[in-house]
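Beneath this line is the structure, given in structure tokens, with notes to follow.
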Amino acid sequence: MYHVLSAHQFDRNQLNQLFRMAEIMEYTAANGGSNLLNGKIMAALFFEPSTRTRFSFESAMMRLGGKVISTENAAQFSSAIKGETLEDSIRVISSYADLIVLRHNEVGAATRAAKVSAVPVINAGDGAGEHPTQSLLDLFTIQKELGSIDNIHIAMVGDLTYGRTVHSLSYMLSRYENVTISFVSPENCPIPQKVKDFLEEQGVTYYEEDDLQTVAEKVDVLYMTRIQKERFPSGEEYLKAAGKYVIDQNVLDRMKQHAIILHPLPRAGEILPEVDEDPRAAYFRQATNGVYIRMALLAYCLGDKRAEAEMEALSKVMG
Amino acid sequence: MYHVLSAHQFDRNQLNQLFRMAEIMEYTAANGGSNLLNGKIMAALFFEPSTRTRFSFESAMMRLGGKVISTENAAQFSSAIKGETLEDSIRVISSYADLIVLRHNEVGAATRAAKVSAVPVINAGDGAGEHPTQSLLDLFTIQKELGSIDNIHIAMVGDLTYGRTVHSLSYMLSRYENVTISFVSPENCPIPQKVKDFLEEQGVTYYEEDDLQTVAEKVDVLYMTRIQKERFPSGEEYLKAAGKYVIDQNVLDRMKQHAIILHPLPRAGEILPEVDEDPRAAYFRQATNGVYIRMALLAYCLGDKRAEAEMEALSKVMG
Amino acid sequence: MYHVLSAHQFDRNQLNQLFRMAEIMEYTAANGGSNLLNGKIMAALFFEPSTRTRFSFESAMMRLGGKVISTENAAQFSSAIKGETLEDSIRVISSYADLIVLRHNEVGAATRAAKVSAVPVINAGDGAGEHPTQSLLDLFTIQKELGSIDNIHIAMVGDLTYGRTVHSLSYMLSRYENVTISFVSPENCPIPQKVKDFLEEQGVTYYEEDDLQTVAEKVDVLYMTRIQKERFPSGEEYLKAAGKYVIDQNVLDRMKQHAIILHPLPRAGEILPEVDEDPRAAYFRQATNGVYIRMALLAYCLGDKRAEAEMEALSKVMG
């Protein structure tokens, strides 16, 4: 049985396989979907609401012919209120479904769930912990857009202290050759020391920089993140931080022609709408890629011999 | 790409086609449904809850073989809280689904959504704006029940100031020949001047009347609406207005034998239960028609050549 | 048309048939599900949240090829707020779905719903009233685990005053031969007099006992229930009651080798995790059986001639 708990569980070879599978899934989705997971049921168990992530997983399951049982807000509605442990909830729900997608507010929840589940568990975010499918779709998007993840220079911009995606992505990028990272953040939310320590150990070159304009000129990927209002002591301080780094036409004009702008979304003003029409604005394509990555993961966790054969056949069709 | 944003977008010829398609859909539903939209996904994106409307759309989609991703209360749960614009939400969700059904509390939301969506958008109510599928099912029900919408006399009764359905229906009826409308409302919620102006421009005969008993004797359609408690300054005033027009056995006894009673539902006392068993009580059949109209609209927005061919074939079978 | 409103509507012969059907359903589920209810729609109408029960019904419907429209919290979201009666809601929703699963906080709600519904209604719990599918899965589990429900000694332990499942199960057990019941509860939540009166009328032997250790040695079934915090005047009193009867390794050591432990779940400390690995801990298998019982009931309410034929064929395959 195969669980998806952390982006770190994938080595570079597995990432390559996954991204190839995601490409096959894109082809599948564009051609009317598949019956690969016909008869299978996915439980979307969201202890905190995230309509976007839930929809992405549910869409992925349905594109493969599967069905979905779903709760928008398990914390409010479920047996949790009656004092039931996560472990008991998972034991029961794993007898209703063939796979569980779990979103939870506590770090480590998905790992605890996997220990007792009778079916595969996919981590759809565990508090300040991990959100592996987001990291995987980020990497997949870079590869699709630029052709390779080796030899790139990426800037990560915004709230680098609390931004879970930024940490995961930094760790994952160390698997690739000759990656350079520029961290650009307001003073009160820098990249944590432990991430820098890790990158140094791995021999990844990184810089902490202040001027987005200069950085924009030299990078292949500009990875923007939202400044999270709820982190700041006052509205005034939030606005100062939030307004500091904004991608507008000026920034765009400085960027390389082949470079791309990514964002895990939702955004809240840090990328102006005037940027959306530029072909380098890749953030909506990035969201779309999330469905293909999740289709690939679902097929991987739930697929059987028939699934493998179908994947192989499709791979040949696509050439 | 075809959006359904307003009832007004349909001319009389298109309405005829739609109602014919809805009849085919009724036949389809009664015979085990169809695979017309097999492999398609509808997103039900409800920023305010409306279980009834949501269920009607979801049922319509499923009767045609499609699948559904759904949120009961997007305003509370979604990225909207994090400051995301409706436009961004729609851009992302339109990469998860093949069609979006949008319920929103702001006038014009569906039109804004359609501008950025990569897939068709159906307006399922935008605040005080429009609720086109309700108007379409109202008209379809009149045609089914009476055989024609031309040459009818219809009374609209209840809260005519705030009742969105009454305004839309008035506008739509001007497309038909020789329609007469009697508006019957408590003094504090009359039909707005702008609706009257429109009807005068279009040459539609209308009356403002006070006595439901007299009106009941002469109309072909009695369209009741709920007095909305939340509109009134005090509970006492509400009760005075709410109690003024009630359909009971007395009113029924005065009505023509071929006449029908409609109501967009939910009702709250303005039609007594004793009326339900009378064959002229058409309001539950009206709700059922909502599924057929929505099946027709979904097929129209999502169908392809195969769908057209199947519709044509079914049309011949039905004679 | 067949409704499931009360466990009492099933006589012993019907229970035997139902349990046979549930076994066939278990076989079906283990072999990729069925298309028996293809094209059918179930409405899960939950006026109070119960993720577990809802998931179990939805999973059952999907395992049989059916589709689901669902609301997690109809009381908060639906037309009920606008003053609509349950009867009107049911009339409308029964035109959207082929079957309604109703959870409601008022006793008798399911029976009221069945009176006006155009489609079968299954009671998924009506307040302090009944929860028939829970009782049926309890009985089914005993039969599966022990081979028979006749000649058993069962202990019911915990909150016996408010525990709805314990009352229903007591009534249902009177249908079987030579059943003995031991009631074990804290002083402030004993089994009600009316249940005892009923058992006396039916000639069922029962005891009220105090010492779980002694009882554990002699029973075939230990049916634990949760002490419900909200019932007690103070936290201290709750803890006293809650802590009084706990199944741990000591209790387990005293139990017969063939005996089983059941629990309707969720639990909140009255069975220690150390018990879970023992083969006599049957409560998670019991939850799984809920899906098979619900599949059987759905097939019974919605199935046609083809369904009957398929059931018969499967029955032969299974021997």
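Each chain gets a letter, A, B and C, in the order it is written, and its residues are counted from 1.
In this section, contacts are C-beta pairs under 8 Å (C-beta built on N, C-alpha and C of every residue); 3 or more make two chains touch, one makes a residue touch a chain.
None of the values given here were measured: they were computed from a predicted structure.
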C-alpha-based rotation, chain A on chain B, 0 to 180 degrees, nearest 5: 120
Interface residue overlap between copies chain B and chain C, same or different (over half shared): different
Separation of mean Cα positions, chain C and chain B [Å, integer]: 40
Where chain C touches two or more other chains at once, by residue number: 70, 72-73
In the complex, chain A residues that touch chain C: 39, 41, 43, 67, 69-74, 76-79, 82-84, 87-89, 91-93, 95-97
Residue ranges of chain A in contact with chain B within the complex: 32-33, 49-52, 54-56, 58-59, 62-63, 68, 70, 72-73, 226, 228-229, 265-269, 273, 284, 287-288, 291
